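Pasting the structures here.
Here subunit A shows up in two complexes: once beside subunit B, once beside subunit C.
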Partner chain A sequence: MTMTDAHYKAPQVAGYADVPLEEKQRLFAEVKNDIRFADYLYGCYECGICVAACPSARFYDFSPRRIAQAAAREDVELFYQQMQEDIWECSQCFSCLRCPRGNNPGGIITIMREVAVGNGLASAREALKAYSRIIYKIMSTGTQVSPDMLQPDAFPDWGPETSDVSAHLDLWRRALPPETLHTTSTGWAVADKTLIELYLIWHHTGALDMIADVDPGLHAILAEVMEERLEEEGIEL
Partner chain B sequence: MSSDTIAVIGGGPGGLRAARGIAEIGGSAVLIEQREFLGGTPIAENYAGLTPHNEPAEAAMRRMAEAVTSHPAVQVRLGTQVVAAEGEAGAFTLTLRGPDGREQVGCGAIVLATGFGHFDPGRETQMYGYYEFPDVIALQDLEAMLKVHNVVRPSNGQPPERVCFVQCVGSRDRQIGNEYCSKVCCGVASKEAIEVRQLLPDSKVFIFYIDMRMYGFWESQIYWPAQEQHHVQYIKGIITEVLPTKDGRLLVRGEDTTMGRPMEVPMDLVVLSVGMEPSPGTRAMARLLGVKQDKYGFIHAPGGPLDPVSTDREGIYACGAALGPADLEDTVSSAANAALRAVAYVRSRSLSAAG
Partner chain C sequence: MTTIPVEALRRKKDHFERGEDRRALEDPRAELLELEAKGELVVQRIDREAVSVATKYGREKRIQKSHLWHHKSCGQCGHIPGYSTSIFWVMRKLGYDYVDPRDQTSCTAWNYYASATSNSAAQAAVAVRNFAAAHETGYFPLIHCGTSYGHYKEVREELIRHPELRAQVREIMAKLGKPLVLPEEIVHYSEWFHALRHEIKARQVRDVSGITVTVHPACHYYKLVEGDAIYDPDIYGGQRTAVVTGLAAELGADVRTYSTWFDCCGFGFRHILVQRDFTRSFATLRKIEVMKAEADPDVVLTHDTGCVTTLDKSQFAAQAHGRDVGVAVMSEAQFAALAMGAHPYKVCQLHWHSADYRPVLEKMGIDHEKAWAEFEADLQKLRSGAKRFLDWDDVDG
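Then we have the complex of A and B:
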């Protein structure tokens, strides 16, 4: 029980499914027990300097102060609501770091997002839907955007030169001096050794597992790619 | 006939500091205390620890009292009241009534150290029910519990799970007539909140406030530790009403202003952060000595901020919470100031008389 209980929010009108209080407490505990949490939240004056500095607060009903307050008050109801809504409105610019108490509301949001993703929250699925291609790219190749992703049909507003470039993409890339850029399917050539290390990092840190719930299809494809590659190297997971 | 003796009225922290100061710079003092003991309100009201550093009040007051009682230049009259005053500055005559009957004391100057009283929460204009609900208590009631390391709900003797402090009770209130801030209650409540959290680690402790006034070093000495290390919850929004619940708890109603929502939350113990008012002794001595009081009944200091201890009567000085809300630093500082002024006054009289 925190300051509010559920008296002021009717869960059935929220845009996400309500869950039992115990589940909210579990999610809150996961955030609070994160090793970074103690350095991100000291005490809140509720002065609003973070909101004044926050670009997102000018466009959304979003307040880094309320993030810090909900966490400080251990208001798990509001905290859960924020994990389903507010945290995805933050641009992670960390303007809120000017807090006189040394709090880091943006950092709390980083942890909340990680926990939301790791627990497959509906908001995380929704937020990451548009990013499946980028997640696929970065986790399978180690680079986020590759030249062949920049096709004129995808970016009609980039002007007529884009189609000229993409028509002879391979040639243009070979004209670039560094040899590592003579590739079109990745941003730069990624060494085999680097890729193997990356796959092991995704695996051991749980980064791969994090997306199992938010995008099972993507997770299956990535797992297959990685396992195949690791097997070739004689690494059994 | 002029006298070099200085009468100090009141034996709390201010009076003790003033009497000691007078003696230390070569004057002589008679310290008059109506109670049977020295130490003033911290002892009479069973304070556990002093704010902000939480030194046990009894030990601290004993130390101050011993410095006075052991000094040959101070005479102490306990259980003694001033019942009449005659004469003028330089040659006052006070009539004292004590355990051994009446006595007249001549003095050249007077230091009023008659202190404050806690605001009576029966006079508050909200509906907190101090005299109605046993689990609604005041700061000094909690001090007495902290002194014996046993914080319980008076209704059932059980430790409270949820405790809240309501700030500004009897202060900053036009309805009540006390428009001033009592200065110390934010710090005292926060200090007590820390102690409750230490004593009852499973408890939740809330402070409902209008502004937190943790001036100077109290910020990092009390406020930040309360919030950051002891997880005391500060909620900006004052309680308007305390109601009983069916299960024997208390429901406090207010607004959580920074979150923009009304709140009705259950509590086991509600602590009213009562402010300061002039003590009955302050009012009585002001009348007896013909010293002007301000609109709240505290001793008026016409000299303003650069002369905070002179009253409107020559040869009469005041210090500490007799002048208005004061913390201990204010009190001992103004007491030393008043001691210096009083000694300087009687010496200047003697010199001119000898001259």
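Then we have the complex of A and C:
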């Protein structure tokens, strides 16, 4: 170990595999080549305003300043460590846009997360472990959270009202005056034609295939659901 | 004597100098119209009476009053439906027509910010598909969710800046038989409430002067693409967004400030669903307890899906640790609806909330036990099969 990499954790301590420098450079290049990257990073005064405003920095060993700096310096070793350890702590509130230099550390993290997902990094697998149901819901129904998710065993910390909602769900939904809100498995009633168009968007933009590595089972289920529905409409991909 | 290598330093800085094409867009509307003139996209115009308001750096923004296409919110419709219902109810009471579409998907940005299982092209295509659907009806889009609003502004910037993204989205839209459409202004529902606060005040029937309010401004409303949010020099000296506060003050509530107003609520997108220890801690320690210590509010008003959910739901577990919590949380749309005489359960659907809202109702002079009995009587119609669904006539009857 050289002096320069002495502060990085050994793979057996870090909990993820180290990779050759070239692989780290490739991942960094993928982030840097994203069209949003140049809009998100201009340089860094090291003033720390982003850290002062950051909610995640208060509760985790996390710093939006270090994210901006690693990206600006093209420090691919630190960048790789952040991809594996830091990026999923971010709250994506974009309080860090208070940056006097006009940086967007939260936006850089959005891209880093996408690259972590697309390349099946250990951190992405871990972060999305409990998240499959949500991805299934948004990609297959076009709404992110649904009334029937409000189950007391899923949200025990939300108080007894969650049990009340769950127990009376169908009745309380039918009591809502807007016609579109009588649903229980989606936030509102989404038209069939609209869903077909959404499925085509997921296919044509590669968004569906992004999860192929990180969650092959979920990817297979979603692909089947969408292809079946598109076939019914006589649409061939 | 030291010679400062100015030229060398300047060369090093070149990489980070913002060219004109990378500066914040001063007037996205003008950019859109320019692109439309070149045949790159279609701009949906404001075509009904509008109210002019000022944005952060002084640009005029027009808020169309009627003929609106309601872009609903996943979290509002799914978990706090009285939020959406109150928006519709207030609009109906003021006599403005609208469409509540089925041809609408989520903006999918909650997932984009939480799991990153999407990309810029997909996000832009989802946004434009929804805008094209609104354009087909002739109704102007009104965005319910703060995250949808913030994200759509990001998408608009990306589409304006990147011709290759426009080309990709145009190609996808062509496959759907739609043009690339963007509205001339991206408008959040809380901007509509702010712009129409005098009309809302004119229909007020309940006194809220005895109610102390703190406001949580939603991050994705005013931090994402900040130049588009509404500011007013008469509200916080123009140093914070004017929405929500402007309405609460207009209605006569006692609006008080607190030191952590800039902090987010702790929602975190992925955290609220799969890492709630962070969410609960942040919401209670940095927001609710600070508000209680410094302002002692009866109710926290906010204007986004995640903020209502987080601040409301995070308080229950904190009681087990003896924390100083226990403040009602609702949207300013629900608060305004109550002030205008809305039913707390039939319209505002407060039984979906967790923190105790009943003391606020009592201060408004509402008998919540009687109100619940009225709601139960309506539910009985559904249980007995006399009606399959309740509708707006039941609510206002």
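Just so it is clear, the second predicted complex is superposed on the first by the 208 of 237 C-alpha atoms of A that agree within 3 Å, B and C clash if a C-alpha of one lies under 4 Å from a C-alpha of the other, contacts with A are read in each partner's own complex, and residues count from 1 in each chain.
The criterion applied here is as follows: contacts are C-beta pairs under 8 Å (C-beta built on N, C-alpha and C of every residue); 3 or more make two chains touch, one makes a residue touch a chain.
Here the structure is a predicted model, which means the values were calculated and not measured.
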Report task. For A:113, decide between first (touching subunit B), second (touching subunit C), both and neither. Result -> second
Requested in this report: Applying the touch criterion given at the start, work out whether A:216 contacts subunit B, subunit C, both or neither, answering first, second, both or neither.
Outcome: neither
Requested in this report: Please indicate which partner A:39 is in contact with in the superposed arrangement: first for subunit B, second for subunit C, both, or neither.
Outcome: second
Query raised in the report: Touch check for A:65: first (subunit B), second (subunit C), both, or neither?
Result: first
Query raised in the report: When the two structures are overlaid on chain A, which partner does A:131 contact: first (subunit B), second (subunit C), both, or neither?
Result: second
Report task. Between subunit B and subunit C, pick out the one touching the greater number of residues of subunit A. Result -> C
Query raised in the report: For subunit A, which residues belong to both interfaces, subunit B and subunit C?
Result: 42-43, 72, 101
Query raised in the report: Considering the complex alone, what residue numbers of subunit A touch subunit C?
Result: 34-36, 38-39, 42-43, 53, 55-56, 58-60, 72, 88, 91-95, 97-98, 101-102, 110, 113-114, 116-117, 124, 127-128, 130-131, 134-135, 138-139, 142-147, 149-150, 155, 157-159, 161-162, 164-165, 171-182, 186-191, 193-195, 197-198, 200-202, 204-207, 210-211, 214
Report task. Spell out the residues on subunit A that touch subunit B in their complex, using ranges where they run on. Result -> 3-4, 7-8, 42-44, 46, 65-66, 69, 72-73, 78, 101
Query raised in the report: Okay, in this complex, where on subunit B does subunit A touch?
Result: 206, 224, 227-228, 233-236, 256, 258-259, 261-265
Report task. Mind listing the subunit C positions that touch subunit A in their complex? Result -> 13, 15-16, 18, 22, 24, 72-79, 81, 84-85, 88-89, 100-106, 108, 110-122, 125-126, 129, 133, 150, 157-158, 161-162, 164-165, 168, 171-172, 175-176, 219-220, 223-224, 226, 262-264, 266-271, 273-274, 276, 278, 280-282, 286, 313-314, 316-317, 346-347, 349, 351-354, 375, 378-379, 382-383, 388-392, 394-395
